[in-house]
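Pasting a structure below so you can have a look.
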């Protein structure tokens, strides 16, 4: 699991006094930097090799301005060329938001998806979360 | 169906030369203004009565800087207190992005979900899209 | 003068119920698209030839969620290689925000500023605003 | 001086491969949180007492994706009810961006500006930067 701490800013808060829903995709993207490093350690746009295919975000409880937010990042699924990143946003010991993002390892020159290399699979395996662990995480939050 | 035309700006484009994935939730939110008007015609934050529960976004093809984007907005599902907004982003006759957003009619004072009033159901029914129509929309795009 | 109409979205509003200050640079950038077209009609990033050197923004009065905003764009100063874009945001017949942005015509290959070509100067001259006109614009707003 | 470290995200980068100009106002706002705490320690929107009157931003050199950015924040001017925040963005030992923001201590109920209380003046004085120090900061960067 990777952890990133984010300080909400005044502009992130909307007219209802909570972090707006449109802010979360950016926070989750920021927290995926370390996953992107697997595929492109120099962050070289000319040799970029990932495509973001989809994401879904569940807003479980509100996020507020006055406390830092922790983004937790895992790998939840690994396919031949694609994988899923599972992310949670926590504030004040409460699970607030859940994000799942599907990315595809892509060969931009050949214009087709490419197998994930074994050395990256190894790194991913160290940050894997299972379906059972995801369920437990949600359950723990309910009790809290 | 509601239609909103959006002009991409320089800042929306990322290092790969395409509209970044984090931009779409904002465009979709902008295009939902007319749905929000059903529930709160004056856009009064003190009497706001909607909660955004979740969204999912599928990135089908890239969006570019140099042409306007059309956001099409329908209602795809209506429940007792919640409903789903189905949205498509089109550019240059190509379906680029699909968004589904679940919103809940919520009574903030009582802190619980509230039945959607009949007069709003009527308005929603005029902008309904069926599962069959969604399939056809994707199919038409493939042929194009 | 160029005019662009913008519909504020829910996310643009901050905890005080007004459009947040960080939103304006994006709106002004969107409204500068037509100026960028002078220099790069195809919006081709590989042959981009402008650098944004500075901007200043004055927040005269608040912008709200429930009405469209008009961004008015002029050229306020032309130098050898640089120029200033003057922009105003209006809502409900009220001048809300004033932006001044300095851009430099830049040769990225030679890595130095480049003279503005005569055919672009001509286009700019059609959208020029004088210091006297800027003063009058502010004065008209005070009376309103 | 306050220091805040920010990790650029993929979406912050524009089509030229650099952090886009519209990103900086948000980073500077985030770094002003500690100044806002002087005036509203609980970050309570209902008792908010600051208005952002203007800002200007100078883009001295480009910011990139692959390294953290440090935002340095000082107070550069103190008036009766208003003050100026001076901020610099640094990356890889290079001064990249300079921001100056004018804020006004404001009584929203009375709808007029309010004198800055002595205990806040004291806190501000601890983070003051002089015009000479600002000049020296720019000079140091040129040599680097």
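Labels for the chains are A, B, C and D, by order of writing; each one numbers its residues from 1.
In this section, a contact is a pair of C-beta atoms (placed from the backbone, for glycine too) under 8 Å apart; a residue touches a chain by one contact, two chains touch by 3 or more.
Worth saying up front: this structure is predicted, and the values here are computed from it rather than measured.
Distance between Cα centroids is largest for the pairing of chain B with D.
Chain pairs B-D and A-D differ in how many C-beta pairs are in contact, and the one with more is A-D.
Centre-to-centre, using mean CA coordinates, chain B is 35 Å away from chain D. Look at where the CA atoms of chain A average out and do the same for chain B: the two points lie 23 Å apart. Rounded to whole angstrom, the centroid-to-centroid distance between chain A and chain D, based on C-alpha atoms, equals 29 Å.
Taken residue by residue, chain B touches two or more other chains at 10-11, 13, 15, 17, 21-22, 26, 29, 45, 65, whereas all remaining positions touch fewer.
For chain B in complex with chain A, the residues that touch the partner chain are 15-16, 21-22, 25-26, 29, 45, 48, 51-59. Remark: chain C residues 10-11, 13-15, 17, 20-23, 65 touch chain A in the complex. Within the complex formed with chain C, the chain B residues making contact are 4, 7, 9-11, 13, 17, 26, 29-30, 32-33, 36, 42-43, 45, 65-66.
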